[in-house]
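Common to both upcoming complexes is subunit A, partnered first by subunit B, then by subunit C.
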Partner chain A sequence: MINTVSRLLAALLVTTFLAACTGGESNVEIGNREGILHFGNGSEPQGLDPHVVTGVPENKIVRSLFEGLAVKNPWTLEPEPGVAESWDISEDGRVYTFYLNPEAKWSNGEPVTAGDYVWSWNRALHPAMGNQYAYMLFPVVNAQAFASKQIEDFSQVGVKALDERTLQVTLNEATPYFLQLMDHYSTFAVHPETILKHGKMTDRYTKWTRVGNMVNNGPFNLKEWKLNRRIVVEKSDTYWDRDKVRLNGVVYYPTENIVSEERMFRVGQLHTTGTVPLDKIPVYQAMENTPYVQSPYLGTYYYLINTNREPLTDVRVRRALSLAIDRVKLNDTVLQKSNFPAYSITPPGTMGYQPPKLFDYDPELARSLLADAGYPDGEGWPEVELVYNTSEGHRKIAVALQQMWKDVLNIKITIANQEWKVYLDSVDTMNFDIARRGWIGDYVDPNNFLDLFITDGGNNNTGFANPRYDDLILNLAPQADTQEERFRLFYEAETLLMEQMPILPIYTYTNKKLKHPSVRDMPSNLMDSLNLKYVWLDADWDKGAEK
Partner chain B sequence: MTTEIITDIAEAEQGSSLWHDAWLRLRKNRLALAGGIILVAFSIIALLTPWIAPYAYDAQNLDLGATPPSAQHWLGTDIFGRDLLTQIMYGGRVSLAVGLIATSVALLIGVTWGAVAGYVGGKVDAVMMRLVDIMYALPFMIFIVLLMVVFGRNILLLFLAIGAVEWLTMARIMRSQVQQLRQQEFVEAAISLGLPPGTIIRRHLIPNALGPIIVYTTLTIPSVMLLEAFLSFLGLGIQPPQTSWGLLISYGAETMEEFPWLLIFPGLALTITLFSLNFLGDGLRDALDVRRSKD
Partner chain C sequence: MWRFIGIRLLQAIPVILVVITVTFFLVRVAPGGPFSAEKAVLPEVKAALEAQYRLDLPLFQQYVAYLGDLAQGEFGPSFKYPGRSVNELIGAGLPVTAELGLYALLVAVVIGGIAGVIAALKPNTAQDYIPMTAAMIGICMPSFLLGPLLVLVFGIYLDWLPVSGWGDIPGDKILPAITLGSAYAAYIARLSRAGMLEVMSQDYIRTARAKGLPEWQVVVKHGLRGGLIPVVAFLGPAFAGLLAGSFVVETIFQIPGLGRFYVQAAFNRDYTMILGTTVFLSTLIVLFNLLSDILAAWMNPRLRAQFGEN
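After this line comes the complex of A and B, so read on.
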């Protein structure tokens, strides 16, 4: 009897094993042969309209569909020609003249014109558009005034089409990082006729981004969009530099659950992942020829504090919360030493700038601050909730911090997870007490982190408002004569910010991902800037190993 | 000799209650008895957890991290260095409570609804059962999510909400049983004796339908436990640091290669409970089968 059972079991095992071995090719194998990259992309995108979206997952897709005037080289991060084949910069650094490539075409075959850019920037800056990244264009003369309704007439904004192919941009003052901004999706051109066909210029979420409707100018075209399953793009045959594009297509997967993303990678369903589960890092690090890639990343992980809500209106409470966090311990244990503890918003060493470090883990001081604020030993502490977007990694940090706050301050903070779109909505409408947030640099400059917190800034989301801070960031720093002077002003502003503590910095990011060895020319860089134009798949990647 | 026989007959004629008979029969079923004892033991442990748990349920020891079972931590620790045994004990409180409360709610609504529909019949039956069909058609998730959004997160409400969507099948089973029983002579006799419908349902119909109901109840309990874990995972159920077996298992499954004990022990706790429930349910069904007892 037992013999029969065990024989049956053995037979069953063998058949499953055989079935697994001969169960057809994996995505990766088929993809390598056909030139299709399978890309783990974190979350289902909020949308694909360059003037609406804000997240990293959206960025990866939008940048394959659209192209800016100048594009960052993925190895050096230096700007190289995109839609503009060349450009001139005036001697005072205030006037940029872009010469558009005559071969730059929309996916319907029409040429991309300077007029399209003027129209698109009007759209991107229009107050009715509600574009959170409108400030990317604020270096342009009168752009901010137009976006904040101080002027109505867009022709006063410093962008002119001199002719079909020549675009002239006038800036308020020399802006060293302006060309970098041309690679940000909020400065991309969109096709005016297509947008107007599906709604008004400033309508959000119209049908123009759907498959079949979208007209775009990047190396790839939108082919399929299955909600919560995949987004497929295929190589464009109207793109000006199409001869350089080596992939035939990319399939983006919304992989909100990072554990299943890692499993998908392991069974050959994905070429690359967006991240790696923390518990798996030591395992991958120990591997020979590991697919694990870790590199510095221009980003900060932090919590937003809603300074309009009791008891967080009190700066002593905010500081107490921050001082009670043992960031070093968090990083060494829960985060598997995969990041760097952060004490300010700007990542240290951004273009050589060192942010202030005003505090450290200090439970004694945290307790006395909380007592001063009227909650000695947590007495009378009201209900405060921390929200994060659903993800294993965010949950672990929240659970660890929840306990640190309880141990040090004896206060209760409840934590709650929200689906990505709900979470974005909560943050935008400031419907939270404390909310998890990450900021990834859009260009390499401290300004990109510090101008988040200007009064009523689109990504401020904390209620923080300080006139001196605004003055430093918006007026004084841009007029600084030297980089040293500029950094000194940034330092003063950041000191102000961290004294008020509208955010709790947690750590500085590193970029962690899994990358299949067949993926070529997808270099790591400080901005995790991905240019799929260069990427190719080596179908013979394992031939060398076999010999 | 003679006297003995007489007492036997006397005892037999004195009769014994349904429950006493059932208990005698159940006692002979070893598996069912073992299941019952385990469930009672788990319930007692759950009740006493705040006093007997070896550690505080939210006490972290980040430096320790995830460790396999040891003398200090019998079932090991999770990545926050929290004692797994304590976690399972506290998780059991939530899981057993949700199983008990949600199933009771489902049982109460479902049995009443089905019995009334089946007994009254006609138009009332049609309307009541179409209502059930309509609720079947509604995705239950939307219903629960709506409840949670309107009333906010609250454990008790979560239990009730789960119960409120789990009664539908129960109502259908009960109705078909009652329809069948209503044709039988003893019910017709009760009707002709002038018993009010409520009494007939309570005294004659429900006891006769107990078998299938108990079996279905033992199936409902595990499904509500899993439902709770699912909702909590979506952020609609209980939130950390509170936990339940379902949540422990879902977290454990994510790290089962690195830290297998985080999956094995909560999984064992749930499995043992479900097996016990099934054995006990089977035993109870046999024990409470009134028709067989009259043989």
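After this line comes the complex of A and C, so read on.
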């Protein structure tokens, strides 16, 4: 009897198997016909509440559901109208007046009002909210004081609704990048009644972002959310600029296994991927009409040096370590030419700013600096350890640098990997000699990189402290009259930083993805800023090529 | 029989309590917390976050409060996914993992059972060596190797089956089920071979043969029942193992199951989620072990008689 059952089961398995082999259209083919984009999005989002989430995958989804006052143009990154149809900036650059588009509506049909913004910024900044990106609003008068409980009255914060459609924001000082921040989700408006219907204003733990509950104001609405499987959004018919939206919907896949993601792309399950596995890059680079897209990205990969620990307290040692690194060779070999060698913290060309390049690969000078510091030919070199968070890519780089230091300076640096949260703890408590670090810009401005290293800054983590540097970043640059003057001050600060070398810049990031040729008007840009309202799918992309 | 079940259930309670306690304190010892992030967080923000999740209380109070929640069947809110409770996340992942586990078990029992019986019928011949060697390879081949291999062959080169997903594209459940089931198929092949070898040398098999029954009837009607007892005893723990151990396959095929949540929870220091899944899975393991004991007892006339006396 058991055998009959098993025979039946075997037959069942074979039939399902055969049924599956009938082939059929891929996601990409169906999507091209129906205007549905299949998007590899890295991982399952933590959530979709703009004042709670923090990651890149979250950003991609939230910005299709919500829209800020001003939006970055995906080609130029210049601000263009979002919820605000226009804005005025006062003479001194401190007062912004936003005029809201009367057509800007919530997905339930109600207009988006200036009052919604005041309420939302109150929520975003509220100490009880635990919003990790609250600092995006800190250029606003008293925002920081409110977020850190120094004042309790939100009306003292520099944001006022002059009427239904006019929002006035007062800043501490002229902030050239302020409009860019209006496109960051932590500054987005949420629908007050919807939040309050499902909980208190500052509750992180409510169901307002679920399908059917969410009220949003972006070009797309939430249609389906299957945990760890997919999130589907569909074109909104209340969005003010709906005529420009060409996609009918987007399906986001949590593709945290990048090897699987690449396979999904290969068989037509995805239009675009979030990234590309390093060992596949040469294969794609060699391909004709390659779907591989590589473009500069606003981020720097570097090593932190703990300047409080011997022998790294000595600037000559730090410089010797830096000068012994052949960054060009590293990029050409280990990194498969997929990035750009970096010699400073700010990526070159950030809003037109060019950082100083004070040094190059120089084994001779590196050796003599180390000898001056008391370690001729590596003699007497103590134990120094480099830590990185567990990842094959980080390991390869660490091994390559370990070898370069050995070859050039004849010193031994041990390398150790740490699991992500352990690594974060080590960096946070400065329990390391040298540690890997990456910084991705929140907005396109040198300030976003240079203010990392102010004395006791939360992301300094090196012990670097220089009064002149602090003065340049915190006082002088914000007071500068012109952008040229501001950049000159930044240049001076960055020169100071790279002379002291509390960090070893290694490379400037690039954005790498696979993009199906049918995907149109999804340009690459420095921020990897995606605006799905422009994107469309060309069903006839291969006309003339094959058929 | 009922007394046996009752005693075993009572024994399970302290076991699970120990699991809860050890897990609760162990995850707190691990460096880094649920809210440590790459970009520095304001102290006020961190304090607010910790207050929202009771992390500001002394550890022992947190433990007592957690036990209180558990007694009401609440695993608490997830730290990583605000707005989702651990119950909900388990509820979302479990059906998928259970379905995957069931298919994998089917694959394992069908392939493993048949291979084992075939091998046992002609021990120490090619008919024995070939399936047993295959089984040895199956045990040794880890799923993170077998999975991508199957994907390459059937998903990419032959283009017969989808390379990932679960219930989205027809046929996307086949490769994961085979990948997960194969290692267990190998175990089952060895178990059923051993079981059958022992049974086929028993007197009652000789009697059956002497009665003039055809060989296949001897095997199917008389041999299998006794020969598969070790396999049945293995099924309970195996299914629990499939549920708890499917994360590799779930990651390879991007399957939205419990295993992926479990592993991510550990990396994220999602305390409630780690605890919730650990408690949940260990309860399942205890229950399945009990279930397979009962089933084995029912299949074995001698044991059944013992229970009858009680």
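In the analysis below, the second predicted complex is superposed on the first by the 331 of 547 C-alpha atoms of A that agree within 3 Å, B and C clash if a C-alpha of one lies under 4 Å from a C-alpha of the other, contacts with A are read in each partner's own complex, and residues count from 1 in each chain.
Rule of thumb we're sticking to: a residue touches a chain if its C-beta (ideal position, glycine included) is under 8 Å from a C-beta of that chain, and two chains touch if they have at least 3 such contacts.
Here the structure is a predicted model, which means the values were calculated and not measured.
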Next on the checklist: For A:306 in the superposed arrangement: first (subunit B), second (subunit C), both or neither?
Outcome noted: neither
Next on the checklist: Contacts for A:338 in the overlay, against subunit B (first) and subunit C (second): which applies, first, second, both or neither?
Outcome noted: neither
Item to check | Touching partner for A:180 - first (subunit B), second (subunit C), both, neither | outcome: neither
Next on the checklist: Tell me the contact category for A:267 with respect to subunit B and subunit C: first, second, both or neither.
Outcome noted: second
Item to check | Touching partner for A:194 - first (subunit B), second (subunit C), both, neither | outcome: neither
Next on the checklist: Quick check on the superposed pair: does A:259 touch subunit B, subunit C, both, or neither? Answer first, second, both or neither.
Outcome noted: both
Checklist entry - subunit B or subunit C: which reaches more residues on subunit A? => result C
Item to check | Which superposed partner A:518 touches (first subunit B, second subunit C, both, neither) | outcome: neither
Next on the checklist: Applying the document's definition of touch, where does A:113 land relative to subunit B and subunit C: first, second, both, or neither?
Outcome noted: neither
Item to check | subunit B and subunit C contact sites that coincide on subunit A, given as residue numbers | outcome: 259, 419
Next on the checklist: Touching residues of subunit C toward subunit A in the complex: what are they?
Outcome noted: 30-33, 35-46, 48-49, 51-52, 77, 80-84, 89, 92-93, 106-107, 109-110, 113-114, 148, 151, 155-156, 159-166, 168-172, 174, 220, 224, 228, 251-254, 256-257, 260-261, 267-269
Item to check | Residues of subunit B defined as touching subunit A within the complex | outcome: 58-60, 62-63, 65-66, 79-81, 153, 234-235, 239-241, 254-255, 257-259
Checklist entry - For the complex, which residues does subunit A have touching subunit B? => result 259, 277, 279-280, 283, 329-330, 333-334, 390, 392, 395-396, 398-400, 402-403, 406-407, 414-419
Next on the checklist: Could you list, by residue number, the parts of subunit A that touch subunit C in their complex?
Outcome noted: 1-3, 6, 9-10, 13, 16-17, 19-24, 27, 44, 46-47, 49, 52, 54, 127-132, 134-135, 147-149, 204-210, 226-230, 253-257, 259-260, 263-264, 266-267, 269, 419-426, 428, 438, 457-459
